[in-house]
Amino acid sequence: MMPFAYDWSLAGIDLAIGLLTVAALVSAYRIVVGPLDADRAVSGDLLTFSALGMLVLFGVRTDNGWTFDLVLIAAIVAFLSGMSLARALTRGKR
Amino acid sequence: MSATALGQLLPLFIAVPLLSAGLLVIAGDRRRLHRAVLFGALGLVTAGGLALGVRSLDGSVLAASLGGWPGGIGIGFAADMLSALMLVLTSALTIVGAAFAYGSRVANSQYFAPLLLILIGGVNGALLTADLFNLFVFIEVMLVPSYGLYVLSANRREPLRRVDGARLYVTLNLLTSTILVVGVGFVYGLTGSVNLAVLAGAAVADTRVAVAAGMVLFALSIKASVVPLHGWLSWAYSSTSPAVTGLFAALHTKVAVYALYRVYSVLYDGDPRLLPVLLVLAVATLVIGALASVGEHGVRSILSWQMVSGIGGILVGLGLSTRLGLAAGLFYLVHHMVAMGCLLMATGAIEVRYGTGRLADVQGLARREPLVAAAFFVGLLSLVGIPPFSGFVGKLMLVTAGLDAGRTVTVGLVLAASLVSLWALLRVWDAWFWGEPTAPHGHRERLATAALPIVGAAATAPAPSGRGSSTDEERTESWASGETLGPPTGVLPVTVDPDEDVTRSRIPFRLAAPAVVLALATLALGLGGQALWTVTDVAAQGLTDPSRYIEAVLHP
Amino acid sequence: MATHTHGDGTVDLTAGTASALSWPWRWLVFWCWYAWALVTSSEAVIKDLVTPGDQARSGIARVRSNCRTDAEVTLLSALITLTPGTLTLGTRRAGAVGEEDGDPDARRLLYVHGLYAEDADALRAEIHDMERRMLHAMRKTGVA
Amino acid sequence: MLLLSLLLAIAAVGASWPFARLLGRDAGWVLALPLLAAAGVLVSAWTGGVRTETHPWIPAIGVDLDLRLDGLALVFAMIVLVIGAGILAYSSRYLGADRASSRPHTFYLLMTAFAASMLLLVLTDNVVVLFVAWEFTSFASFFLIGRSGDHARDPAIRTLLVTVGGGLALLAAVALMGVRAGTTSLTGVLASDIWADPAFTTTVAVLLAAAAFTKSAQFPFQAWLPDSMVAISPVSAYLHAAAMVKAGIFLLLVFSPVLAGTPTWSALLIGSGLITALLGAVSAIRRHDLKGLLAYSTMSQLGLLVTAIGIGTPVALTAAIVHTVAHALFKSALFMLIGVVDHEAGTRDLRELAARRVHMPVTGTAIAVAALSMAGIPPLFGFVSKEGLLDAALHTPGPAWLPVLVTAGIAVTSVFTVAYSGRLVLGALGVWGPSPAGAAHRWTADRGDEVHEAPPTFWGVPVLAAAAAVALGLMPGLLDTPVSHAAQAASGEEVHAHLALWHGVTTALLVSAAVIALGVLLVLLRGPVERMASHAGLPFSALDVVDEARHRLIGIGAVVSRASGSLAPRTHLLIPALVLAVLAAVGVATVGDLPAVVGQPSRWHDWVLVALVGAGVVATIRAKTRIAAMVVVGVVGFGVTLWFFTLGAVDVALTQLLVEVLTVCVMVLLLRRLPARFSTEPAPRKTQAVLTATLAGVAATVGVLAFTGRTSMSEIAHYYLTHSYKEAGGTNVVNVILVDFRALDTWGEMTVLGATGLTVAALLLNRRPTPPQPSAVDMRSPLAHVRENLVHIRVFGRIFGVLIILLSLVLLLRGHYEPGGGFIAALVAGAGYAMLYLAADSDTARQLRWPYLALIGSGIALGTVTGLAGYLTGKGFLGAAGVKVFGYGLSTTLAFDLGVYLAVIGLIVAAFSLLGPEHPADEGGPVPGPDPDSPAASEAEAPARTTPTAREEATR
Amino acid sequence: MTIALTVGMLTFGAFYLFSKRELLRVILGMVLLGHAANLAIIAAGGTDRRALPFVGAADVEVQADPLPQAFVLTAIVIAFAITVLLLALAVTGRADDAVATPGEARDPLEQAASDARFPRAERHAAAGRIARGRAGRRTGVRP
Amino acid sequence: MDAILTVVGSVLVVIGALVFVTAGLGLVRFPDPYTRISAVGTAGGVGMILIVVGALLLAPGVAALVKVALIVVLQLGSASVATMALGRSAYLTGVPMSPGHYDELAEDTPGREGGRPAPRLPDMD
């Protein structure tokens, strides 16, 4: 085991990741219990956004130079997924 | 041209069909053009394969590392006698199968020729690549157009079973491909390469590699329908159109078997420790296929099981892994492709023109369709190993190789299975070909219940718009409720004339010709067994001693 | 022209007279205001969430919007939605309730879901306030 | 010379069909000639010794047309050819004159083919070719029986199954001998030293005996012979008396030199032979059908032959050969003569014949002569051969009781032989027993009472054969030379046979006398004997056994087939899980210590992702509605994207993200056609599923733990990382691998995408998807107005559209250096298309009609052309090269990437365009189009299968 | 460990879904299995080195293995294509996207299909023949 | 300077994450889908941009600044548009509102003037 040496400059990020995880798990819970498909869809939305947030934070944490490129594209497509979920509720009715 | 330069031409086996396919897609629905390009490209591939075969007779191997990268860095391509043999066979059989498809009008779709060309491009790639991951890719290139061909036969006039079959076929193959690619990934994780030549013998040197590559063998076994992963084939293959079954029979399982031979030869270096397992599985496949074949009532189900059984026979050669055994297995492979094609196209011609694939629905065809009957019987004789057809030489050599290796139980089961297979095929002969010619039995009931409007419409196009009763759902329901209706072979409806002369042939020559050609081919391969044996022996030599293959791939 | 307020709280806005030069300034001011609005409305939501019981008095109000272009109505809807406690459900183009939909010249109606407004009129007023600020910032000459 | 003889026989085969077409049944006369000529050639070729010839066929595996003529072959060849010729001649009158019903062409084809096969069988000196000929005879017989009509189908199949089964035993024996002896030459095999190994010898003995027993109808394979009597008389006369059944005898004789005296061989042959002889004889005296009687008689006589071969002494083998000749003569004569009677009288039933006045002086006499020869009455040839058999039996080597037993067996058989011979003669003459009144009445009414003699052209041949029995009986010495040589070949010892009617008063003669006396007594007491015999008999017939086996096999087959699952994917998908588990277990058991883990493969924040994915998986398997399932699978996809991202696979993460979202978008298109909720499963099934899934999951975990993370960076990875920029000019190593190092993979992948587009189009343009389920949307609501309520996305979409196009282009161009490339760029463009779709007013809006087929086709073509351009660079296919365009460096890989781009977009557009709207075929109303496979379709040129709009759309 | 667990969970979910009747669930199972496979392949390149495989982005020794990434990229896109096809198949056919196994009588269509493969009448006839045994057999000699 | 950016950035991402947690809390605590949708819309828009901007401060750069600016605009727009679409779908498919003090949309819906929410459909839960 390596000696425990924590980089405190990452504390905010790690805390945020933890909070996002909580939000994600709560959303997952709501997806399972429903009770309506609308609840599931909106929880899916929150889970997607949480994952997106984690993507940003993981990217910064691992010093990934392409984080914002990814987030930029993700922002576009996550929107499509949300729109699609909305359309799924109406069974494709526009 | 130098060997290196020639080796660089190997990708043309893929490029020619794929470029043709791409251009045909752009060209759109121009049937004559499609047909000409399809047969032209297939002819080119066959000719190239033959040239490759002639060049490989001395055991030499052509190879290339693609993109001009050093061997082991770029994707390796290599063609030895085994590859050449398979190239010629698959493309030649595809020509015959395509001819049948055009005869049976499955090929009317503008998607047919491009899909078939892509399929053959994938087949050629799988046969030529010396790279495990690239093998996965080319298997996918084979599979996806196959799905397309499968669904081509599932148009709205066909029963739901076509779609069910497609679902099974696609899901199973997707699972299999996933297992395959993970196996390849693990092999890379352990060895740091996916190049067959670099991996030569790796599975013998490291048990972990053997297990990881076992996933590759496992996936290939599903594709080849080896017991206990055999169940899907008879369901999937009997649920599409006869033409497509004919094409698949020649291409898919056989390419999987090729890959099994290749991977086992190179990666496992013919490791004797695994041979008992292989042999048990091969024999189990052989026997179970034969047994199940007897229990069926639909001709294509019977033949599909025969396909399974044949795979077992081919793999017995691998399970022996002696030079004699491998040569015998390969000979059997060639034979089985031809004989099976003959049977499928003979029965397919009947299915297409008589509208049923059930044993009970047709009879007296020996007199009514003597040409097709003769072709069928030749196929039957060949498949069960009766001289002077190719199956005889195949079975003889398999038995000889088995005895040579001291595997008497295997030999006994091989022989017993062929008797069972004979019984299975005799049932078809008995039910369909003997007796007095009559109109197809199941047909009148079908007419009476549901299909009448379709028949009428087919005869007098353009049809009225209110063809509601011909939807799949309704037809399927009527089919489901009617006790006498046959399984949805999907070739209904056939026009029925109450005053039909039941002694007049219904099958036009163009539809019978493919079966006849293959019947002649199996005869030629039996009588000319010398030539084929020479070829398979060279191929087997390349498998027992893959050093030239490895050397060529590493230093093209 | 003066701002006309209907009985149900609906507000009719008219073209403003602000200088085009002040446009960036108005723009900035609006966003600051909106940021602050987010904070205050969040407070209400959080308070509701962390305290036991349910303080919500949710409902859907019809808002006769003063937005003239698709872009304006989209922005307004988005701002409403981003604000905690309110949500735009949809729009409709009609002179009044019961009129035929789809008259291209007719004003848009927004249907807004609100969480903490006392009644529909209160919610309408809240939205109109935001709308006025937004249009004032977005239009070159503002609104009156 | 020998080949010439064979070729003559084959010429007869070739000539049969045209001649029969030309001459009808009379072709028999002509076709007899080449057979006789072949016989003549053989006789003239025979020098008294052994003559061999070799003609290559498949020398590589030792299968050649080696021919060999020795005494044994000569005797059998004569039987085959001379009797064959006679039967062909006889057939020309037996067959009906009406060609349509008698179909002489198939008959003569099969008969001559059969003769040629038999000739090959006896002449070949190659064990493999022996097997080949053996199988030919089986199949010729199958067709000859089967062509007799519907009632013959079962017997033909049974016969074939039994004889082919025997053939397989022969094949096994042949292969075994070939492998052991290292040669397939019959001479070589017989001369090799492999027979010193008792185990081997026993195995081969059993296999050969099994083969011969099936062919010669020996117990327990005797059933097919009487069964096959449904064939017409010439067929029975030839195949089931003279030729095919003799193939087994020939086989036994050929291998006698090496197997005679082997205990197994003797026991099998003597045991089975005696049982068959008795069984056949006893059955024969019960038959009312004279042909049936002859069938059982044949069985019985063959039993005697097998017994004699089993005795194995030179004397016994000589006797067997002589009796073979005798049997061939009298039995073929009898079959033909009974055929004549049947032909003239319309019946072969001795009870019906008894009610008639049979006036057939020549035929009757010939029947009597032949039957008496069969009964072994002097001075006919049958007596000579019977004497030989008894003599051989009396000198059976082995324990003292054996000669007694064998002799007794042969004697008892012979008593019954006399009895059934008498029955045959009396029956054929119409003087057997009391006449059943009903039968008499029927026949009198139908055909008249009298049975007249047939023309000489009809009875000529059988009468000749019967006459031969007399002639040879009086002058048996004629056969001394050939029989001696034959016996020499069969015994491997020098034999000098002296055939004679009178050998003095020997034990055999005494036994013979007693046999004849008892036999005559049985004939005299025929009434009580028949009553007794009708009660005796086995509780089941061998046919039942064969049939039961056949049908049980169907049952077993159905069970095996059913065990293969169903069209439902689930059974087929779950078996692999179990195999994976087995593979993992094998791995755990066989792989020893693992190398150490390299570095630190897990980081603490990975656990966040484990939790995320785990939650997603749990939610997925618990999802009860389709929307829920779709949502959570999307969530899992995001989790996996994060995984890729943290592992440094940014291109992969990007691709995964885009694919995930596009999958969800496509899924939404079809959810409306499916019910909202999933079905529920019974609990046991759930448990089973959990169990299977757990096995698979554990196997996967074990696999990853064992196979990954335990090696340092591979050489090739190092090469790629260090050479990407230097050699391929790109800094995004993954992209360089995709478009350069391993461009072939990408080329294939692009093709896969294109082919999928074609497949989806082929499916959805040809088949109506299930109609959308009723929507729950409240259409009266103001929110239901599409145009007004899509205002937000429309406005937003305008901004997005521009951005997405820019982004897509940037990603395409920069792929070689930064995250991006053809796939990612195209997926982004696909997302743009998805957005267009979502923002459009209708599913078929103008802006959604992109020419997906053209995109796909040009993608594949462009990729391939780029590959071909590699040849110009000298690097070969897919070799990359930089091109200067307006001073700007452009690589061919960019063109390749563009091909990828087009194919991917093509697929995405195809999916949306085809899945989105109602079925394209529905738009323009139903378009019937004939069935593609139907004959009607082939008459009229098939009209468009899809609506013009759908097709235009697809190809535009 | 973390990645192995993730792969295991995904595989579990996949095979659990394979046991379901609905094709959609099977497809979702395939999606999960695809994730598992891709992660496993990435893992095969090692998860210790996680730096981006871009030339010059980091020290070569700590860069992630680019080859498995390329493999996975290919695999993802292929799997996406086939998923789209499967989705198309899911709505082409039965309204309920399930295919029942023969043992489940609840799906009349499938029952009919399986009966057609093993027609009841023929099964009974065959069974009868076996049961009757010798009673029904002819000697084969023409009467 | 770096330290300040780090602190401010950390604070921003934590606040952003707290917005998410609030939305999560809303998912659990709010009584009906409309309120839940409202909460999530805020998180997706505001929460996300807080995190992204915070992240920019933690890893500053010019190119990153441009990208973040784009992200902020796009995210605000996309989150709100998607949320509105969800709310509309929910209402159209008759998702009930609870407790529902006023509903002028129902008043405007012919046949639903009583303001009662549409009946729940059997396959919706």
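Which chain is which? They are A, B, C, D, E and F, in the order written, and residues in each are numbered from 1.
By our rule, contacts are C-beta pairs under 8 Å (C-beta built on N, C-alpha and C of every residue); 3 or more make two chains touch, one makes a residue touch a chain.
Bear in mind that the values here come from a model prediction, so they are computed numbers and not experimental data.
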Chains contacting each of chain A and chain D, listed by label: E, F
Third chains touching both chain C and chain A: D, F
Remotest chain, chain F as reference, centres from CA atoms: D
Innermost chain by mean C-alpha position: B
Remotest chain, chain E as reference, centres from CA atoms: C
Whole-Å separation of chain centres (CA-atom averages), chain E against chain F: 38
Interchain centroid distance [CA atoms averaged], chain B/chain D, Å: 16
Between chain B and chain E, centroid-to-centroid distance (C-alpha), Å: 21
Gap in Å, rounded to a whole number, between the CA centres of chain E and chain C: 52
Contacts with 2+ other chains: residues of chain A: 17-18, 24, 27, 34, 37, 41, 43, 52, 59, 62, 64, 66, 69, 72, 76, 78-79, 83, 85, 87, 89-90, 93
Of all residues in chain B, the ones touching two or more other chains: 133, 137, 140, 144, 147, 151, 154, 161, 163-164, 166-168, 171, 175, 182, 186, 188-190, 295-296, 301
Numbers and ranges of chain E residues touching at least 2 other chains: 18, 23, 26, 36, 40, 43-46, 50, 52, 57, 67, 71, 74, 78-79, 81-82, 85, 89-90, 92-94, 99, 113, 118
Every chain pair meeting the contact rule: A-D, A-E, A-F, B-D, B-E, C-D, C-F, D-E, D-F
Chain E-touching residues of chain A, taken from the complex the two chains share: 62, 64-66
Chain D partner contacts - residues on chain E that touch it in the complex: 1-26, 28-29, 31-32, 35-36, 38-40, 42-57, 60-61, 63-67, 69-74, 76-85, 87-102, 110, 113-114, 118, 123, 126-127, 129-130, 133-134, 137, 139-143
Of chain E, residues touching chain A in the complex: 50, 52, 57
Footprint of chain D on chain C - complex, ascending: 70-71, 73-74, 77-78, 89-94, 101-102, 108-109, 111
Parts of chain A lying in touch with chain F, wherever the complex brings them together: 9, 11-13, 15-20, 22-24, 26-27, 29-30, 34-39, 41-43, 45-46, 49-50, 52-53, 56-57, 59-60, 63, 67-69, 71-72, 75-76, 78-79, 82-83, 85-87, 89-90, 93
